[in-house]
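One structure is given here, and the rest of the page talks about it.
Note that the chains take the letters A, B, C and D in the order they are written out, and that residue 1 is the start of every chain.
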Amino acid sequence: MIAILITIMVLEFKTPHEATLAALRPLLPLFLSYILSFIFLGIYWTNHHHLMHITERVSGSVLWANLHLLFWLSLVPFTTAWMSEHYHEALPVAVYGLVQLGSGMAYSVLYSRIVRHEANTKLHEAVGSDWKGRASHVAYATALPVAWLWPPLSIGIYVAVALAWLVPDRRIEKKV
Amino acid sequence: MIAILITIMVLEFKTPHEATLAALRPLLPLFLSYILSFIFLGIYWTNHHHLMHITERVSGSVLWANLHLLFWLSLVPFTTAWMSEHYHEALPVAVYGLVQLGSGMAYSVLYSRIVRHEANTKLHEAVGSDWKGRASHVAYATALPVAWLWPPLSIGIYVAVALAWLVPDRRIEKKV
Amino acid sequence: MIAILITIMVLEFKTPHEATLAALRPLLPLFLSYILSFIFLGIYWTNHHHLMHITERVSGSVLWANLHLLFWLSLVPFTTAWMSEHYHEALPVAVYGLVQLGSGMAYSVLYSRIVRHEANTKLHEAVGSDWKGRASHVAYATALPVAWLWPPLSIGIYVAVALAWLVPDRRIEKKV
Amino acid sequence: MIAILITIMVLEFKTPHEATLAALRPLLPLFLSYILSFIFLGIYWTNHHHLMHITERVSGSVLWANLHLLFWLSLVPFTTAWMSEHYHEALPVAVYGLVQLGSGMAYSVLYSRIVRHEANTKLHEAVGSDWKGRASHVAYATALPVAWLWPPLSIGIYVAVALAWLVPDRRIEKKV
């Protein structure tokens, strides 16, 4: 489903009617936002992949936690397109961060459901405290009010969080 | 495929050209309808997941019962968008319920095909009589004429049925 | 991928701006064409499912035969939408049949590749001569020129072929 | 995901409002570009299939190399649509080649990651030096500046590279 969301964002790129570099320039904010959201969704994809790899049995409660995460992620194409059109205005930038915060918290819920359901001490030991996840939540929650002060700073925070997660979580990999 | 249908509904969210809260307000009915249909499709996803988990062999007749269910579900993005634009008018609200009723009955057919084909007494014992499914059919069938009296009541019935199913069916889980 | 093609056809249903039955009427030809194409793609889905179930090893040549089939099927949403707008004119009706003929022949190629590659005598015995496939090719090839005489007759032939295939191919099922 | 990208390209085919052959003619450049991109994506599909078949364990670094490839491939529907509208102009033709070059190099990175990670000498022996990949990179890199001299020649190079890859890579198949 994350793959489908990525491709839906591609649909936003309207074919320019001119064959000049100037005709591509209006697409630049969307293109940069697309890269940010692509990395954002990619992070969930890889982490989700590791998580599901460990999970042996998918219960109904895990399925709904999963759907809850997908609900937030499904709003990403919309917030990406809106922010890219108004990247210097508070509301669209804050809404983008709100969806990222919601996704992050939904992932934490999914993660704790899997750990609890599975009594998966192996996983728990591997990951330890989810400090990186918690730090991201704090960063997003900070970026929301900041959008009314200076939107580019909020976007800077989103980029920083994305870069921090680009380093794959070797903790799960190493132990498993 | 249910994942694709969910993402198709997301395509309905047209990016507003203003960066204000007022520009988001026209999207509110669509957003609420989206949540309702998301839960609706999510219910089929989780139940379908449990059902397929039990099914050992997919015969042609099960495949077609499956396609029949997907046919009804594939109409959900259309009925969601239409109802969200006219949520206080009888026909779109009734058509939304009609597709929900059709999906529910198609699921019952799929379910009984699997039970019959598999002579799956284990599954049959686990689920017992499908009273929740039948009650939903009755609720939907009631909501259809109600739409001509007072559309919000029909929508209330749809919401109630969705909430009733949000509680995952532990019967299958427990036994398997 | 067939699931994606089915959902792409759903995108053609533009939400009517009125809440009346009259507003739904212009969608009727598209809806009927959608049902026809849904059954058409569903047939490939179920047959493809049985075929892949038997195939043990997917070689490069089978992958390309598969892609060739998907190429033809990928044109179905376009021909469905075009025919539904002009169902009483020769060219769109004939083009619809042409894509069906191409899909049918691509399926035959895929089928023979799998039989040859696998030296799959078990499969060969199960299916025997592909008379139903050949009869369909003849029916489609007949429907093409007929479209210039009387388009509804061509559409009737498409419907008849679809109905003939709705009966699942029990030959493979029984033997395997 | 490659299947989704292929179907997204199909969305570009706007249904003509006339039922004549003349109404189909404006779609011809898009149709030919679609075939080229379909083969292009099909090549990645089959090669990717073989590659993943050999890979036993998907590490985080392989997942990201995979996402990097998908990023480039996700731009193909856009470049296909743009080039098809301006196939006799330098920039769109060069941008199409740039995305093909990026995809090719991303595939090489993915390939070398898998070989290195797996210490997959079996795979390494099977494929030997990746001369075909390198030759394609050179061809694409040549086609970029050529687009400013004579765009059709660049397109000719793209077609030639696609045809060269249509022959499936039997080296992996034979050894495995």
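To be clear about the criterion, a residue touches a chain if its C-beta (ideal position, glycine included) is under 8 Å from a C-beta of that chain, and two chains touch if they have at least 3 such contacts.
Small disclaimer: the values here were computed from a predicted structure and weren't measured.
The set of chains touching chain C and also touching chain D is empty. For the self-contact between chain B and chain C, the two sides draw on mostly distinct residue numbers; the shared fraction is below half.
Annotation: 38 Å between the Cα-based centres of chain B and chain D. Here the CA centre of chain A is 27 Å from the CA centre of chain B.
Among the residues of chain D, those touching two or more other chains are numbered 4, 11. Taken chain by chain, the contacts form a single closed ring in which each chain touches exactly two others.
Chain contact summary for the complex, chain B toward chain C: residues 1, 4-5, 8, 11-12, 58-61, 63-64, 67, 70-71, 74-75, 77-78, 81-82, 85-86, 89-92. On chain C, the positions that touch chain B within their shared complex are 3-4, 6-7, 10-11, 13, 15-17, 19-21, 24, 35, 38, 42, 45-46, 49-50, 166, 168-170, 173.
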